[in-house]
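After this come two complexes, each holding chain A, first together with chain B and then together with chain C.
Let's turn to the complex of A and B:
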């Protein structure tokens, strides 16, 4: 890929290096590779095929001219806490032991990157290749103090883990939160990742490496609620072992720019992965969901469902790729993207890709875009329901398919309240 | 057993791979301004045509060869190693078919388009008027007089430049400007010949028009141009066929096809592309890098592309429709078959600009052997294209476990009243389907043929009768027993 390079990356490097010390928990080879990649390739523009509809370079140039990295401390996270969950807090990209709950659950361990054991060190950067993407490189070069969350073998966690990434800045800042999540053999966990910006203009470059071991199950939720001054690129590098199961539901509530790179490597037989996403956007928001299902072995399943409601001048993007390698026979992969446009100035770009090198597979995708169904409106109108209310009912019904994937009741209620179509 | 049949097929010959021994006049390989001057002079072209070529050439020089985005792989092309003009030696101006080199006529007979025979059968409306392009030059256009009675102009591009300069000046480059892309620019600079067709107001063309392309000489590239203009309320069905001899080298075919449909006009363009695909090791074969685009410029107009792609080492083309007129319709029906080491990256672009525009895309890919077959398409609904409607369906069929099938659809929507649907599936021929057929006494070979034909039926049905038969045979040959 030949993409034009700009000096945005250099400006970020200068601004961030000035305020932060050297990242000492990532090995030198990865650090220098990351720097080299940034210097050579820069931040991707829309000339880069993967960022065709999402010119991060231009956005950073326009919105983050004066990166000051002048952060504000966050002292309380009470209002964001879920009643029934273990809370872990990351403030401005760094794991905060004081704000996080004390871990007393059997089989659950949390280590900050400063106290990584050898196992943790070997996982760090193993899933996120710095030479693959500028934002992986950027995060690696300037990684915040992350944590390694480990669920031991044969452990069923009954309580969900709620990770709050909270940012607050006096003016313009960049954060690079990072974590490793490891679910041991035959274990089960539910993790809610919640992104919030309370003050200032913050660009969050999030990176998570998730390992789901044999016969383990991870149910994960990503709630993105960064407000109108929140900008983020979120990379999830997930690897599934034999008979592992991964389900992620991402709800995009607010944020000026949300770019999600969700890459799932299915490397063990009989594993399954499910990705769901819902975005409800307006104004001049840009939401771009990129997913990759990399089927490397036979007999696996993957499923994707992304829905979007796009209003005003906002832009929604879905680019899903199902990649079936040569030996991944009996793969069953499905992808669906459905969108409703509510305004004449709204845009939706979708690119559902299939790249298939095995013959005994069932792969399909479907995408549709339209307006609110007129006959459905008429049906409701005819029963005395006003246009306003009918619209809310229909949009709710449209979104419900994704919201129903949330099995945690407390979270589901919170989301429904936040979305509240009107 | 599967492998055996596959092997058997891989060894089956390309039956159009003969070389015609004919005197040709060929330029030495190389490309520079002098070549363009010489080419233009050879064709006795007016000054404006030469200028057009030179302008395109200059633009081409500043452009970069696209090599990073399509899902195809080939070594870099040396454009100075190609001869840009090759023509059967002509004695004088030909007045009738009798004067055409008999060797040449034999070639066309082998190809199954007997010009002789068709000449005798004048006046039968089901007949086809053929413009045969041999290497770079249009050899003979049949039925010209019959067509002229209706006011239909159907001739070689060079003749049109001489006889209808006002039409060429007006329409050439209207849909595919010389600076459109790398290969379109190259074509605009060095195009040798091609076909021109004009259907006047309100005329329904009485017969199918057809161009047959044949590359013969070695070391040459073929750069033809086709321009079809359908004036208000007219209708034409246009066919295109292509073959090439079997050679170890790769030959470049970079054509441009432009279609302009005025108000209420309809153009149906069908292609059966069977350039030499190279041998089983991927040696030789044609690089088919073609720019095809039509514009529905008037209200209620319609352009329909149907293609059956079985040949070429590398196919890289996206027949597109710009739906500018209100209520205009664009259609794309495609069957692309790749076998051995062939690679195809093909699809369409539907650009909706006018109100109430509609487009349908049906693409059927079949990959066998070691080949890679990609669908790449764009559906774009521009702002203000109220009530636009698109339906796309892209199916892939995989035969054997060494091939690949890919889908890269781009969908860009900027209007809330648009309804756009896209579906894609990938599958193989089901054991149960085969079993069903075999149980009824069909052998594996025939069963596969039957299933594939059924799979492609939606597209094959769109082809004109004469072509549908050829296409079905082609499919059978291309896939003979490649069930794995």
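Let's turn to the complex of A and C:
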């Protein structure tokens, strides 16, 4: 289908260009491709197959009529800090050295985009193809001053890294935070990416290029808590080398619009990728999870578990694409999407997309959508447990499968508290 | 303790209970027997407040209050306990957490403070012993993966923990082997006091060898057609339900 182009992209370009700093860390070819893509294709509407349930064009048009790019500085991040973590802070797309912890971990390097080494320069824009998606293009064209986080070879980071992205504006703004995360051969790290909007109405267009090298392991968490004035598109472009392991758990706590494009390219044998997601939404929220597991080589496995609790008039989407290329024999891929609808007006659209070109693979998917189990409710009621508490217990039980994937105890407690199930 | 007057109830517009009258006093054990489809489980579900049942006529007074006006959880907090015929499996909800919530909600309702963790665990230990329930089961999800016997013992364990005034045992003997039956009955007998009352719903007489009733009622076609003492159960066992059916089949409703 040919997606119709509207002038939203041009309006954004005009508004953002006026105040944007020069993006001189991204090479000219990528920059001009990005601008060309935006000019030619625009921001996707619901006529675009990948954005069928998520008309970002219409949302931006409606919600961001007065884009002023009038940002507000952030002076303290104390309330968001985890006790046992190295904190990195990004304010309105720009890496803040002053708010971030001074890094003293052996084997960990963080370089701002205006201070990239040749290796960093060669990775930037190498994973996220500007010709693939409007939001990659938008981020590339107007990228904030991000950072390259590199874990050297043979390094086991004992302390998790907590990246706090704060968006804050005096009225309406768009920001484009971006990073490169590179885990060296035989290394291991835990990274928590935490997305917050503290003031104003902000559309945050995240982009992260993640490289997980041979035999390396990245445990990654994405906590999305942007509040009712937070709108975001989040692109994760991940590449796994031989025997690499990647596990991401995304907890969608708040945000009026959350669109996640999680693309994992499995390019080395014996690698494994796990994506878990939990969204608890209500009112008129829209949460759209698009995942892609691109199995390019043999003997790899991938797993996906997405769960949603959907209330009021909110809409949830899970679209999981598993792509098994001709050479990717002995692929083992599994996908599961389970949802509870708490209101008659709530919607879930769930769609597995399996494209398999190899003949010796195990791929399967499962999906279920239902209401709260009435017989379980009655059983709890019959023991003297009120409706309210019974509902909390049953929702907690439903969500636990995903929450249990969080192995960092401090983060797990925080999430449980935020979800209010305990 | 509980007075049921002319209770009529329907499911999906079909009348199942057609005028039940029953009075149970503190300290008494009443057995309700009847063939399949006579309305035994409907009666227990209606008393516990299950939504699918519609009470069309009659009244139920529980300790001087109108039971039918209460939400199911309030009925439980007031001291009514239903031991389910088919206990529900609830994956992800731990037995212990479930019991703690239930117990503390009841205590709050009674104006008492929540139980200390230490006292709660001591109580769990004591009551588990009563029904010979494996300690490991308490830490598992509610009824998940329990055998039929374990589920029934778990019901009696919950009953022991919550200390209700009126216990309704809905076919607690179904699916139990003779040893489990003995354990369950032993639990019930140990818990029996002069302040508590029991309504034991069963298809077979064998449970009543272990839990001896003061009164036996025969339910047929949604009404109690015959009442007597424990000898009635023996008579029923000897003659079978066919006699009852023949005798009351054509009784006008």
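Things worth noting here:
Going forward, the second predicted complex is superposed on the first by the 419 of 422 C-alpha atoms of A that agree within 3 Å, B and C clash if a C-alpha of one lies under 4 Å from a C-alpha of the other, contacts with A are read in each partner's own complex, and residues count from 1 in each chain.
Assume contacts are C-beta pairs under 8 Å (C-beta built on N, C-alpha and C of every residue); 3 or more make two chains touch, one makes a residue touch a chain.
Keep in mind that this is a model prediction, so the values were computed, not measured.
When both complexes are superposed on chain A, chain B and chain C fit side by side without a clash. In the superposed model, A:380 lies in contact with chain C only, and not with chain B.
Contact with chain C, but none with chain B, is seen for A:398 once the two complexes are overlaid on the shared chain. Once the two structures are overlaid, the count of chain A residues touched is higher for B than for its counterpart among chain B and chain C. Looking at the shared chain after the overlay, A:32 reaches neither chain B nor chain C. With both structures placed on the common chain, the touch criterion links A:131 to neither chain B nor chain C. By the touch criterion stated above, A:347 is placed in contact with chain B alone, chain C being left untouched.
Superposed on chain A, the gap between chain B and chain C at their nearest CA atoms measures out to 14 angstrom in whole units.
Put simply, chain A uses no single residue to touch chain B in one complex and chain C in the other.
Within the complex formed with chain A, the chain C residues making contact are 48-51, 71-73, 75-77, 81-82, 84, 87-88, 90-93, 97-99, 101-102, 105-106, 109, 141-142, 158, 162. Within the complex formed with chain B, the chain A residues making contact are 1-2, 49, 326, 329, 339, 341-371. Of all residues in chain B, those touching chain A in their complex are 68-69, 383, 396, 398-428, 484. Within the complex formed with chain C, the residues of chain A that make contact are 373-376, 378-387, 389-390, 393-394, 396-398, 400-401.
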